[in-house]
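First chain written, first letter: the chains are A, B, C and D, and each begins at residue 1.
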Amino acid sequence: MRRIAVMTSGGDSPGMNAAVRAVVRAGVASGLKVYGIRHAYEGLINGEFKRMGPRDVSGILGRGGTILHTARCQEFYEPLGQKAGLTELQTAGINGLVVIGGDGSLEGALALHKKGFPVIGLPGSIDNDIWGTNTSIGVDTALNTILNALDALRDTAASHNRAFLVETMGRQCGYLALMGGILGGAELILIPEVDTGLEEVAQAIDEAYAEGKNHALIVIAEGANLKTTEISKYLEEHPTPYEVRITILGHLQRGGRPTAFDRLLATRMGVRAVEGLLAGESGVMIGLDGRTLTPVPLEEVTGKSRQADLDYFEMAKVLS
Amino acid sequence: MRRIAVMTSGGDSPGMNAAVRAVVRAGVASGLKVYGIRHAYEGLINGEFKRMGPRDVSGILGRGGTILHTARCQEFYEPLGQKAGLTELQTAGINGLVVIGGDGSLEGALALHKKGFPVIGLPGSIDNDIWGTNTSIGVDTALNTILNALDALRDTAASHNRAFLVETMGRQCGYLALMGGILGGAELILIPEVDTGLEEVAQAIDEAYAEGKNHALIVIAEGANLKTTEISKYLEEHPTPYEVRITILGHLQRGGRPTAFDRLLATRMGVRAVEGLLAGESGVMIGLDGRTLTPVPLEEVTGKSRQADLDYFEMAKVLS
Amino acid sequence: MRRIAVMTSGGDSPGMNAAVRAVVRAGVASGLKVYGIRHAYEGLINGEFKRMGPRDVSGILGRGGTILHTARCQEFYEPLGQKAGLTELQTAGINGLVVIGGDGSLEGALALHKKGFPVIGLPGSIDNDIWGTNTSIGVDTALNTILNALDALRDTAASHNRAFLVETMGRQCGYLALMGGILGGAELILIPEVDTGLEEVAQAIDEAYAEGKNHALIVIAEGANLKTTEISKYLEEHPTPYEVRITILGHLQRGGRPTAFDRLLATRMGVRAVEGLLAGESGVMIGLDGRTLTPVPLEEVTGKSRQADLDYFEMAKVLS
Amino acid sequence: MRRIAVMTSGGDSPGMNAAVRAVVRAGVASGLKVYGIRHAYEGLINGEFKRMGPRDVSGILGRGGTILHTARCQEFYEPLGQKAGLTELQTAGINGLVVIGGDGSLEGALALHKKGFPVIGLPGSIDNDIWGTNTSIGVDTALNTILNALDALRDTAASHNRAFLVETMGRQCGYLALMGGILGGAELILIPEVDTGLEEVAQAIDEAYAEGKNHALIVIAEGANLKTTEISKYLEEHPTPYEVRITILGHLQRGGRPTAFDRLLATRMGVRAVEGLLAGESGVMIGLDGRTLTPVPLEEVTGKSRQADLDYFEMAKVLS
């Protein structure tokens, strides 16, 4: 192995830059030439390769987003697109690839592996929905962003005796909503893993009032069975003692400087991916298991979605 | 004058606590007894008065929201409600009042003044729409919150070649959107003071792309002639080179720890209000004129809405 | 078991409040009466107990410091002091105690356990020097604070072509300096676990310059073999291409709102401590092992100091 | 006028990048060619000029430090150095210069003006010690950084019943300490403009204790008549009820993302400087007077140091 490449793919997440930096620096330190691929699989097909040295990744450790840019690429889901990408890699003399991204991106990595190209995946996603790892690059930062928002919203909610419906990201995984809700002191949390009724929401708000609270925070995962607007409409028709307001946190959750945790996870994973390629590993994602980085076959990882741990859902009830 | 009271009214804004603290401490230092009125005019009518000493306002200088709580009170718009409030003040032996809030709250203050009760208003609003002052308590903090959001959104926008439509608060005043847009590096800014066409939005996005930018930020005041969803729909039907995403900053803009500027403004205004009451002033709002605090008759202040300075709108074009 | 008490002891660390909240709420949810002990062992001896309900710990999840206050208490190191504390607990009818703190505080807990009183310890310390747990309550927040500082210092260092010597806390453990240095992009890191020579420091700065860097960050643990002033003096006598400046981060590292990680760790540990007391556990500290909370005998924990993981020290060299 | 140049000089301050961006974009919008001079006067003498277009200043609005770098240059204090700089400007065909910096930097600007070269100065300094302007680029950001630090230190001070001595920057001007102290809720503030005795410090701490406070914050300007270590030593010899700790905020105060206020001030001043050069102004600094930007002759500005407003010093006593 002489030349490796790295790309970031799918939705961006804070810490991707730290992973790119680690791949570049660890790769160069091992005597490899390292190339960045811009715009993910789309750029792969178009041959958007750029040689990267240690100075090209200076100062990016603490920056959100990804300097390699990312994109979604329909073409690479097809055999023809995959073949085109493979040809570009071979033409450039590259013989190893690190893909940082979520479920769809790791499927692309698996396709390349099946064609015999050495590839290692790293889990990058704020949603914490990637199978085979305790957490992914970007989750901790997104969770802290959510807590900052909840802390700020509580200021104004408490000043006005209001109930806030706060919608988080997470796709089909309730992790961000559940942890954000527990650690932000929410009165009720709605996640895709557990069905909730509209009356339960109204009841939780009434209980908060009965306990003398001057506000109620309801955190709703975007994938929950009840939609935020649906709840809002119901509460208009079935008024509670609080005025109701909606906040959809949206793409703010993707941005911002990565936390220490995400910088460390991304750095360790980037170094480990280079070691893996040099040791002949392929077709695996580097997952976090407790404190240990462990390769997990991409076959096992893709097509599944990690779910929130329901023990925490029970704990939330004790603590609120 | 022996006893004064202070209330926060209308929408909460960061720095209101600093103003309350200043009124309490300056009042006590001048030998007055100071009372906090909870829940604004509603609390006034209900006699929710609480004696406050210097230690009761310890540690609130840096806290968002308002420890006195706020509320909207329909009843106080009526003469009967106003009379009830006046009676409560007199019964409690209070002979001066400081009202911190926005336009509606200052109208209530004016009503009390007209009934002969000494009252001084302080401008508290994140919207910067209060007439008679350069800026209001809470505006600087809200603006910094908006910049933090725009800085974070640019991370993710630039990583994905996306255009973001970001909606700010501000009611009928474009200040937050205009300043947020200029200082957050937006490509286009829509404010109530200037009508914009849908084609202009599409064109601004196209131009950003033509200039080689990897993102476009469009900041939209909630009171602008075009609504965010309207723009989004138009851009779906008239696609640009960027994917489009919406973020509505919402109530996040009200929360958070007040900045140095807002703490100082609130503190100076709170001290000045006490001095004014002691000097026999009434029926005025303390406004900021350059660096000077100046009393402005409430008659002139109420019923008008400050507008954004269009010179900055021109400056934005030069800078983007 | 009917009544339990909780105290925070030793140096404060962000997240202690979250742990107190969890003990109170989980205790009450299990039918216990819960008491807070103010001022740690000093307060124990003086009987500073206060009954606490769920509302008494409202809004503290995100606050730094500790609402129970903390103190260092020489008296409790002596058998007489310990006996006095025990008597107070028994008089108050308390039959279980949770102690949150560092090494010295856990020694106090062990002393009570040895006298037959049920007690469980939780590791609270920013230094990450507590034996028997992967990390302690407060470490993640302190590390993020250090990164914020390093990111800010790099702005000014790079603008001036300067070398900054940045001193972190950590007592005899290099964790904060090592991780802060790696994740903050330091050129050299000095920790107590590894001796460094003065010439090495000068050489690292020279190398940064030779590589074309416009700044150099040297992170120094307070317990490192070389002291910050010693290095500064040496660099004055042996000038490098950069001007040298010193920043001692100091007590800033203890303050601030706890991160998601610390809030979660503290919450889980607080709940687990109550479960432990109810299950008859005593004389243990709840440690984190991977993702699992595990009781570790206090006998094993006390008197030792956890050290930084030297694998990371090697990784730092690859990455800088 | 066809070509202008811009430099940042002296100590860096947050917002300098925003000023550079404004000069470049406003210059280009007016049909000028704009050059950045790296490393201030040293770079001027060495001809470190670089043509800059609107895209070269993309994304710097929110970044601390200065992309043009800064330096202190002894040589330019001498006529020979000044002549060499002038020659470089003339050789490059540049016929206007914007200098952003503090007192020493503005003296250099004055020297060029006296030699007939058109130059306009902008006040850039966190110390707020520049004569002829209400405030300078960077002051607001530094003040907010100080408040964040004081808010964090109060967490830990209050948990331990401690007195903290916190030293701020400011050279011979007490502004940062005074405003930081007032807005951070300090018990005592020491500034160069007012002499304080050691007994006064001890007394302020004793009074805080007597009032039932669980902490005391003493903010000390680096230029105050008493030095921080001197106070610490005195308090060791004359113990108060609190343990004493020192924190020197140091260069942290220079770093960080500029606030809305500093971005706006810098942007307005940058635009105004270009307008001034085009209108034939020279030998002036653009100062802020209330809300208005006003040219002030450099002759009046240099060699003086702005002082803190003692009215605020009196206000501090009322509020603490």
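The criterion applied here is as follows: contacts are C-beta pairs under 8 Å (C-beta built on N, C-alpha and C of every residue); 3 or more make two chains touch, one makes a residue touch a chain.
Only a predicted model underlies this, so the values are computations on that prediction, with no experimental measurement involved.
Colleague: What's the farthest chain from chain B if centres are computed as the mean of the Cα atoms?
Modeller: In terms of C-alpha centroids, the chain at the greatest distance from chain B is C.
Colleague: Would you mind pulling out the distance in Å between where the CA atoms of chain A average out and where those of chain D do?
Modeller: Going by mean C-alpha positions, chain A sits 40 Å from chain D.
Colleague: Distance from the CA centroid of chain A to that of chain C, rounded to the nearest Å?
Modeller: One centre to the other, that is 28 Å.
Colleague: How many Å are there between the centre of chain C and the centre of chain D, using C-alpha atoms for each centre?
Modeller: Taking the mean C-alpha position of each chain, the two centres sit 35 Å apart.
Colleague: Which positions in chain A are in touch with at least two other chains?
Modeller: 151, 154
Colleague: What are all the touching pairs of chains?
Modeller: A-B, A-C, B-D, C-D
Colleague: Any idea which chain B residues touch chain D in the complex?
Modeller: Interface residues on chain B, with respect to chain D: 18, 21-22, 25-26, 29, 54-55, 58-59, 61-62, 134, 140, 143-144, 147, 151, 154, 179-180, 182-185, 211-213, 257, 259-261, 263-264, 267-268, 271, 289-292, 315, 318-319.
Colleague: Okay, in this complex, where on chain C does chain D touch?
Modeller: That would be residues 8, 11-12, 14, 63-66, 69-71, 145, 149, 151-161, 164, 214, 245-248, 250-252, 254-256 of chain C.
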